[in-house]
Amino acid sequence: MSKESALIRAAEKETGRIEAFSDGVFAVAITLLAFNLQVPKLGDAATPGQLALALARQWPEYLGFVTSFFTVLIMWVNHHGVFRLVQKTNARLLFVNGYLLMMTAAVPFSTSLVTQYLQSSAAKAACAAYGGVFVLISLGYSALWHVVTRDRTLMKAGVSETTIERISRSWRWGPPVYVAATVGAFVSPYVTIAICTILWVHWSIVAKEF
Amino acid sequence: MSKESALIRAAEKETGRIEAFSDGVFAVAITLLAFNLQVPKLGDAATPGQLALALARQWPEYLGFVTSFFTVLIMWVNHHGVFRLVQKTNARLLFVNGYLLMMTAAVPFSTSLVTQYLQSSAAKAACAAYGGVFVLISLGYSALWHVVTRDRTLMKAGVSETTIERISRSWRWGPPVYVAATVGAFVSPYVTIAICTILWVHWSIVAKEF
Amino acid sequence: MSKESALIRAAEKETGRIEAFSDGVFAVAITLLAFNLQVPKLGDAATPGQLALALARQWPEYLGFVTSFFTVLIMWVNHHGVFRLVQKTNARLLFVNGYLLMMTAAVPFSTSLVTQYLQSSAAKAACAAYGGVFVLISLGYSALWHVVTRDRTLMKAGVSETTIERISRSWRWGPPVYVAATVGAFVSPYVTIAICTILWVHWSIVAKEF
Amino acid sequence: MSKESALIRAAEKETGRIEAFSDGVFAVAITLLAFNLQVPKLGDAATPGQLALALARQWPEYLGFVTSFFTVLIMWVNHHGVFRLVQKTNARLLFVNGYLLMMTAAVPFSTSLVTQYLQSSAAKAACAAYGGVFVLISLGYSALWHVVTRDRTLMKAGVSETTIERISRSWRWGPPVYVAATVGAFVSPYVTIAICTILWVHWSIVAKEF
């Protein structure tokens, strides 16, 4: 094995483990979203129709689950998209990545807020908090991208300026859109849900490559 | 390292991370199924016989756990079977895969519905919901297979038409059988459990290769 | 890349994913053991001394956590030990492995039984169930080893008969010892705990290699 | 493939799986920290202002979450730092690593103690227990490092004495600082939080490499 390929292997291993750890956190957080789905507590005398109705009535749980699941999925895709360009890590990158993972781990909590309060009079505060967590996450992605592009030795050789420009341009939209989703909660909690839904539907229809 | 093998490595890495993430979701979801197993709440004065009886009485929990565990295991094997043939991903594949993982994450919820209502008068609705989740999952697998076979550039070179035909043929049965399991719930909730059990037992006995 | 090394890569990838999935289940199950540790529910007026005492009094939780954690760890090491010798999988191996993972996922449940009933009059039944789960797991390992040794094409070339003999010999002890731990519960629940503790302490002191 | 590179592959695979398993435990434990974040239980008649206030009042939950998240993240980085130097494992290393993972899995529990008791009169005992868990973890890291440096055949060839010395020196501080955090709880529970916070902030600002 040549010295060079040994170096490549070592470098790959380095980002490999940070990716594996991040994948683990994303996978646990996204699966735990399903814990917001709660079995209705009806007595043993409930009819099938009553159970069906109770299941239908907890539609905010399904809405929150689907919205958060696909939003976290897009985050994971973006995370993956950045780390495909990265060949080594430094302390700053680990720290920013840690911040991102921490906020991602908090998404089941903010989702639970929405599903429990969407049909209550406090829905606006719950949806604002939900949007606020995504603002903090999108700022984290901007910081991650800043760290990676500032120190080009972190990047794999051969990543073109065009690729970097393209990502920079598309990520510019994250923070302002999620700020709109947060502020929009005070108009109606459904504005927050609508913006988040449009974002992931848009992504899954429009995106040609990733 | 030649250019070609570098390309292969890169491509492998791409599907590698989507597989690692999917494995994470499958592993978390399948392990969380055990959270439907609940410790009986007897007082400190309970005798060993009473605890043994209480444990025996919650047999629907064990039945639901085993049925769902092996069903999700087969899903994982099928997922693995598709991705062994795939060499790169696109946005559509990521989206369909995300949908599959989302529904898989919901299996502990639908299992919990069954274990909590199997001995109640609402059992039919619970089992129909349980079957319904598997219908949605099997449709997701059909969609995944459709995406992979429609754009052959996603597939590894050298995958034979025979292999593709064989998988297409065997997967054709998923949706109708799970529809039968869902509709069958209205005859008796045990029809749903029986069909799901027959499916995984059949797989583990008959399957010669995978 | 030569044809041979391509084949090796492909084979490695196959067992690689079953190992990754298994590791995921082991990692989730072993971490969830910590969920048996419960924060004492004292009022806001409790003194530090009262909290310390309440924490000390829930020693069965710590005992169950440590015993199960190291027992599952040894299982993982043994799992790892088998798969290091395996080069490809078949349906039977996947099935037996699935059974093992299912029973492993149930260990937090059986541990919770012990920690909640160890100081009650039903302790014997709880410890018998705890031991019984390990009997079922050790039988699973015997089955796994049987599947792997029966079809030698599953094994990597160059695994010596001595290695196979050594593992066969050392694994012979698992089922009878755990049966003793189960039956011993009816003498005293601490017999079960003692046997399980001796097993993992013995392993961590005596084992020279693995 | 030469014999030597085959040996390297095999050795890499060995530590690869212990790292993957450890990453899994770290990822699950760190994500489960978010389960200390609880949705306030207000009635359906609560106003947005009341929900916002209730969320603000549970700041100890956020503080505990952030402190523990970054502390576990640093542990993971250190774990990664050691295993980058390791080429093979033995039973002792597996055992010490298991102990570390077990204590890491207990961090959500000790964090929960702090968040539930920080504003109560028993806060000192909760913070002492929180610090105590980190003392046990830092002693585990010392033991891990001792195992790895005592038997140099576990280390990759070419790890310089300077690297070993540097790590030995920097890790010397872990146990005494966490003992100070534990004992400091009896002065004020905020001493514990402050020391743990300073540690992770210090790391993320000062650390140039890892």
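Read from first to last, the chains carry the letters A, B, C and D; within each, the first residue is number 1.
In this section, contacts are C-beta pairs under 8 Å (C-beta built on N, C-alpha and C of every residue); 3 or more make two chains touch, one makes a residue touch a chain.
What you are looking at is a predicted structure, and each value in this text was computed from that prediction instead of being measured.
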Numbering shared by both copies at the chain D-chain A contact, with half separating same from different
different
Superposing the C-alpha atoms of chain C on chain D takes a rotation of how many degrees, nearest 5?
90
Please report how many Å separate the Cα centroid of chain B from that of chain C, as a whole number.
24
Contacts with 2+ other chains: residues of chain B:
20, 23-24, 27-28, 32
Using the touch definition up top, name the residues of chain A that touch chain D in the complex.
1, 13-14, 17-18, 20-21, 23-25, 27-29, 32, 89-92, 94-95, 98, 101-102, 105-106, 108-109, 112-113, 116-117, 119-126, 128-129
Contact residues on chain D for chain A in the complex?
5, 8, 19-20, 23-24, 26-28, 30-35, 37, 39, 42-52, 55, 65-66, 69-70, 73, 76-77, 80, 84, 203-204, 207-210
